[in-house]
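The structure is given below, and queries will be raised subsequently.
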C-alpha cells in the first residue's frame, strides 16, 4: 500500500472527525441535518476507499448503505418529521457551544493518547490511525448526545457515533461480518427514526423534547 | 449411636411441621401437632440424657446434604448433648402447654406449621458440626420464630417487632458468617473438625464477631432492643420457647465458637464479656421494672438472666486465660447450671402469663388483679417461678447465683488489673440485679394475682385447662428439684465442663447428704435439701404449735380502710405506682425518667394527670440515628430515579471517560 | 425438507435455535390468541427439551456456534425459565385480555416477539463468533424494547424509549470493544474469520497486545454492563421491568441479564489468560459493589412493586459480578450458583407479582395489604420468594451468599464487610415491604384470580432443594466451569 | 453418745434463739424508754403480747387468699432457720454447714418476698405503700449485705460463718476493709429491722411506716408469727455482728460444758451490748425522709463495694 493510499485514507478519517466537530457547532436544526448528511458522505467515501485499497469488494455494500440510507434517506425523513411536527428549530445546549467544543478537543486528545498507547508497533500504522479517529468520532457522538436537550439532536449524535464505529470496523483490515454489522446498525437506526415518529403520535405528546417526556416517568405521581 | 437417634428426632419434628401444615384448620390439629412435638422432644431428651450419663467419646455423622464438597457434619459431644437436653426439655414443656393453650389461638394455621420447624432448627443448631449447617440452622431458627412473631399480623406492633427482629437476627448472622470466614480461611475448610485442629488467624476478631452474633440473638445490652418487642408478640408458648430456649441456643453458639473453636483465650476477652454481662443484667432488670405489660416484663428479665449467664462465661474465660482450670470449671458450671435453671423458670413464667392471657385476654397488669382467687394453681406455679427467678433459697435460681458468687470470690487470684476492678463491680451489679428482680416480681405477682380485680375481664377469669396446668406444675416441681438437689445436676455438667476447661468441679452428689461444696469444705457449702427440710419442718411445727395453743377461730370482714370505704379497685397500687420509688431512685439516670403532674385549677372538674416520660437510651443513641441515616441516604439517592435520559447518558459518558483516563494513566 | 428434519432432530444445537424461529413465524400467522399461547408454551417446552439434548450430545465446535461447559449451563437455564415463563404468560395474557389492557392484534405480535427473544438469547449463548454474539444481543434488546412498549401507556413508551436509547449506546460501545478485540487478535491469529472465533481467541489470548485488550475490556464492560444493569448504567432496568408486561419482566430479570453477564464473562476469560493485561477483577468488583450498595438504598423509597424487584435484580447482578470479579474456583462456583438461583427466584417472584397486580388491580405498594389473608397461595408464594431473594436459608441464595461473603472476608475484609452491609440493607428494605404487603388487614379486592401457580412453586421448590442438596453431577460440572472462568 | 450431744446442742441453739428474741425486743424497748426518761414496759412484755395474739380470733379480709393465711408461718420458719444458722454461743454445730452467710441473707430475702406479697394480697393501698417501699429498701440493702459478705469472705477466706468466726478469733487484725464492713453492716441492720432512721417501729402513721404497712391487715396468731419473725431477725443481725466482729468466747466443737456456759454468758452480754448501742444510736437520730433512705443505703453499698475493691486490689488492706 503506497504512501498515496495511506494519505487519502488518513485525510478522509480526519475529515470525519472535523465534520463531527461541525455537528457540535450547529445550533439550527436544519443545518444540523445537512452537516449530518455531509458526515455520512465522508464516511461512505472513506469506506469505499478502504474497500478499494484492501481490495475487499464486500466493503462496497456498507459504503453504499451509508451513502444511500444515512446521507440521503434519513436526513430527508428527519427534515420532514421536523416540519410536520413543527419541532422548535433551535437546539438547546446544556453547556453552550464554546465549552462543548473545548470538551470535544479534550476528548480527541484523550482518544489519541489511549489508542496510540494501546496499539503498539505490532499493528500497521493505518489501522492505528483509523482506530484513533474512530474513537474520537464515537466520543464526540456521545458528547453530542449528552450535551443536547432535544431528541432529534440526540439521535443525530447517536448516528454520528455509529458512523465512527463503522469507520473503525472498516479500518480493521479483513474484519468479517462488517456487512452484517452495518446492516444491523442501519436496522437499529431505522427503528430509532420510526420510534421518533411513533412516539410523536399527535394525541400523546406535543413535542419530542426529552424533558417533556420525562414527566411521564413511572412512580412520579 | 445417640447422634443417629437425635437426627431421627429432628426428622420427626420436620415431618410434624409438614403434617401440621396440612391439617392446620382441623379440630384435632393442635393435639396431633403439639403431641408429635412433645414425643419428639422427649425422645431427643432421652437420647441426649443417655449420652450425658454414659459420657462416651463424641459421635459424629456425615450426610451428603448442604455444602456440595464438604457435606453436612453432625456431632454429639458433651456440650451439644447438654444443650440438646435443655432445648428439648423446654420444647417438651412448651408443647405440653401448647396442647391446652392452643385452643385460644385465633389463627392456628399460622402457628402450628412453624412451631415444629422452630424446634427442629434449634436442635439442628446444637447438632451441626460444620459452618454452613450451623448458620443454616441458626438463620432457619430466626426465620421460623419471625414467622411465629408475625402470626398475629393484624396488630401493626407485631409486624414492627417482627421486622426489627429479622433485621437484628440477620445482622447477627452476618457477624457469625464473617467469623466463620476467618476460621475457614485459616483451616481451609468449613467443617468444625478442621477449624478445631487449625489455630485461627485472628482469635480476637473471631471473639468480637461471635460476641456480636451470639450476643444479638441472646440479648446482650447494646443488641437487646428487639427482644422486649419480639418475645411478647409471639403466642405465649412460643415466647416461652424464644426466651427460655432460643437464648440458650445463642449461648451455645457463643460457647461453641469461643471455647471450642477459637483456641486458648486471651485475657482481655473476659474484660469485654464481663462488662457487657454486668450492664446487661442491670439494664435488663431496670427495664423490666418500668414495664406494665406482663410479657414485656418477662422478656426484659431474659436480658437480665442472659447477663448472669455471660458473667459466668466471662469469669470462666478469665480463669482459663490465666491457666486456672479449677475456678474456670466452677464458673462454667455456674453458667451452665443457670442456663438450665433459666430455661425452666422463664418457660414457667411465660406459661403463667399465657394462662392469664388466655383466661382474661389481657396482658396489661393495670387491667388484671385478684386472679389468685380464680386461678389458684396458676398463681401457685407463677409464684414458684417468681421466687425461682428472684434467686430465693429453696429454689434453683439461688443455687446458680450462689455458685456465680463463689466464682467471683475466687477471682482475686486473677493477676490482671482490669479484672481486679471489673469483677467486683460485676459482682455488685449481679447482687443489685438479683435484688431488683425480687422487687420486680413482687410487683408482677402482686399486681397481677393479688388484690382486687381491676376490670370485669379479670373478675370473670377461670382456671386454665389441665394440660397447661400439668406443664406449669411440672416445671415448678423441676425448679424445686434442681434447687433442692443441685449436686446430681452439677455432676451431670462435669463432662461438659471438663471438655471445655480441662478440669471439673469436685464430685458433689455423694457428699454428706447431698450438700454442694464447690471448692473446699472449709470454704463454703450449701445444702439445698436440708434448708428446704428445715424450713418446711419449721412451718409445720409452728402451725402445729399455734393450732394446739392458740385459737382456731376465723371471722371474715371488710379490709381495714382507715375510716373511709375504698370502693374502687383503682385505689390499689398499680404496676407504675409500685415501681415509682425505684423509678425515682434508679430511673432518673438510666431512662431519663421524668414525671409531670398537671393539676387542674381549683373548681375545674377535669381529672389531674400524671405523665411519666421514659427514654430508651440505647434505642435513641444507637438505633434511631442509624435508621435516620439510612432514610436520609435513601432519600437523597432516590433522586437518581427521576433523572432525564440525557443525565443517565452523561453517567455512562463520565464512566467511560474516567476509565479511559485511568487506563491511559496507569498502564 | 427431510435433511432439515434430520438435522433438526439429531442436531440439538440447530433445534435450540430453529425451533424458536419456526415458532415465531407460526405465531405471527395464528389469529386465535388462546391457540397462540398454547403453541408458545409447547414450542418453549420443545426448545427446553432440545437444550437438555445438548447436555447429552455436544456438537463439534463450529465457526459460528459451539457448546462448552459454560454456555450449556446458561442455555439449559434460559430455556427452562423461558418455558415456565411462557406457561405463566398464558394465564397472565388471558387476564390482560379480559380487562382490555391488551387487544388480540397485539397478542400475535407479543407471542412472536417472545419466541424471537428466545432465539436471540439462545443464539447469543451459543455464538462462537464474538460479532455474531453482538448481533444476537442487539436483536434481543430490540425485541424487549418492542415488548416493553406494548401497553402503549405514557409510562410504558417513556420506559421503552429510554431503554432503546441507553441500550443502543451500550451496544455501540460493545461493538467498539469487539472491534478492538479483533484488531488485537489480527496480528497473532491472522485476518478474517478466525480472528473473531472465540475458541481460537482463547488459545492465543496470551499473545495479544495487553494495552489494547485493556481498552477493549473497558468498552465491553461498559457496553454489555449496560445490558447487565450494573450501577452507573442501570437507568433503563427499573422502568423497563415496571412498565412492561410481567412475563417480560420475568424474562428480563431471569435471562437477559444473565446473557449479558455471560458475554462479559467470555471477554473476562480472554483478559484473564493474558498476564500482562490489568486484572479484570478489580473493575468488576467495584462495579458490583457499587451496584449492591446503590440498589440496596434505592429499595427503601420504591412505591411500585415491580420496580422494587427490578432494583433487587440490580443488586443481585452486582453480587454476581462481584463474585466473578474476585475469581478463584470457590467464588466463581458461588457466582454461577447465585446467578442460576437468582434467575429462578426472581422469575418466581415476578410470577407471583404478576398475578398479585392483576388480583389487586394496581402495582402501587401502598394499595396492597394482607395478601396472605386475601390470596393465601399467592401471598405465601411471595413471602417464600422474598425470603429467598433476601438470602435467608434454607433457600439456595443463602448458600451462594454464604460462600461469597465468607470466602472474600479472608482475602479482602473491608470489601466483604461492605458487601455484607449492602446485603443487610437490602434485606431490611425487602422485609419492610414484605411485612406491609403480605400481612395486616387485606385491602382492595379479595376476589380469587385465575392464576397458574405451577411455575411459581416449581421454581421455589427447585431453589429450596438446591439450598439443601446439590446433586454431585451438577457440582462437578459447575466446578469445572468455575475453573474454566479463571 | 456425742451425736446425741451435738443434736442437743443444735436443738439448744435453735430454742435459745427462739426464746431470746422476744427478750431482746423487750430489753431494747425498755432501754429506749429509760433513755427517754420513761419507765417503759416490763422486760417480758413481748412474751405476753405474743401469747395474747395467739389466743385472739383472726379477722380476715373478704378477698384474703391462701397466700395471706399461709405466708406468716413460712416467713417465721425461714427467719428461724436463718437465725439458727448464725453461731451464737458455739461454732461448728452439727447443721452449721448447711448454709453460709449468702444462704442466710437469701433466706431473709425469701421471708421479705413473701411478706411483701402478703401485704399486697388484700388490695388496700397501705399494703401497696409498704411493699413498694420495702422492696425499694431491699433492692439496696441486699446488695450491700452481699458486698459485706464479700469483704468478710475475702478476709477470712470462707463464707461459712463458723470458719469466719474461728479465723477472726485467731488472727485479730484491724483492717480498713473490715471497718468499712462494720459500718455498712450497721446501716443495713438498721434498715432491715425497720429501726428509727429508716422506719419507726412504734408509730402507725401511714406516710412514714414501711414494715408496719405490710402487716397492717394481719391480726391474731398470724400477727404473732410475724412479730416473732421480726424479733428473730433483730436477734439474727445482732448475733451476726457479734459472731463476725466480736468472736471471743465462742466455744469450739467438742469442748467441755464450761466452755459452752462461758460462750452462752458472753453471748448474752453481747446481746445486751448490741441492744444498748442500737438504742443509743436510735434515740440520738431522727427518722429520715423516705427518699433520703436510698442514699443512706447507697452509702452502705458503696462502703461494701469499696471494701471488696480494696481486698481485690491487694490482700493486705
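Some observations on this one:
Residue numbering begins at 1 within each chain, and the chains themselves are lettered A, B, C and D in the order written.
Everything below uses one rule, namely that a contact is a pair of C-beta atoms (placed from the backbone, for glycine too) under 8 Å apart; a residue touches a chain by one contact, two chains touch by 3 or more.
Everything numeric here is computed off the predicted structure, so don't read it as measured data.
Common neighbours of chain A and chain B, by the contact definition above: C.
By the count of C-beta pairs in contact, the leading chain pair is B-D. Rounded to whole angstrom units, the spacing between the C-alpha centres of chain A and chain D is 100. The geometric centre of chain C is 79 Å away from that of chain D, both derived from CA atoms. For this pair, chain A with chain C, the centres built from the Cα atoms lie 31 Å apart. Each chain gets one centre point, the mean of its Cα atoms, and the points for chain B and chain D are 35 Å apart. The multi-chain contact residues of chain B, meaning those touching 2 or more other chains, are 641, 643, 645, 649, 652, 656, 660, 663, 667. Among the residues of chain D, none is found touching two or more other chains.
In chain A, 114, 117-118, 142, 145, 154, 213-214, 217, 219 are the positions where the chain touches two or more neighbouring chains simultaneously. Taken as a graph of touching chains, this assembly fits none of the simple shapes: it is neither a line, a ring, a star nor a complete graph. Put simply, chain C touches chain B in their complex at residues 161-162, 165-166, 169-170, 173, 210-211, 214-215, 218-219, 221-222, 226, 232-233, 235-236, 238, 278, 283, 294, 297-298, 300-301, 370, 372, 387, 390, 392-394, 398-399, 402-403, 405-411, 416-417, 420-421, 423-425, 427-428, 431-432, 435-436, 439-441, 467-470, 472, 475, 479. Note for the complex: chain B touches chain C at residues 64-69, 131-132, 135-136, 139-140, 142-143, 150, 153-154, 156, 159, 162-163, 166-167, 170-171, 174, 177-178, 180-182, 184-186, 190, 201, 630-631, 633-635, 637-638, 640-641, 643, 645, 648-649, 651-652, 654-656, 659-660, 663, 666-667.
Interface residues of chain B, counted against chain D in their complex, comprise 369-370, 372-373, 376, 379, 383, 387, 390-394, 398, 402, 405-406, 408-409, 411-412, 420-421, 423-425, 427-428, 431-432, 434-436, 438-439, 441-443, 445-447, 450-452, 515, 521-527, 530-531, 534-539, 541-543, 546, 549-551, 553-562, 566, 569, 571-573, 577-582, 584-585. Those residues of chain A that touch chain B in the complex are listed here as 94, 107, 110-111, 113-114, 117-118, 139, 142-143, 145-146, 148-149, 154, 210-211, 213-214, 217, 219-220. Taken together, the chain D residues at the contact with chain B in this complex read 54-63, 65-67, 73-74, 76-78, 80-81, 84, 95, 97-100, 102-103, 106-107, 109-110, 112-113, 116-117, 120-129, 131-133, 135-136, 138-143, 146-147, 150, 153-154, 157-160, 163, 206, 216-217, 220-221, 224-225, 290-291, 294, 301, 304-305, 308-309, 311-313, 315.
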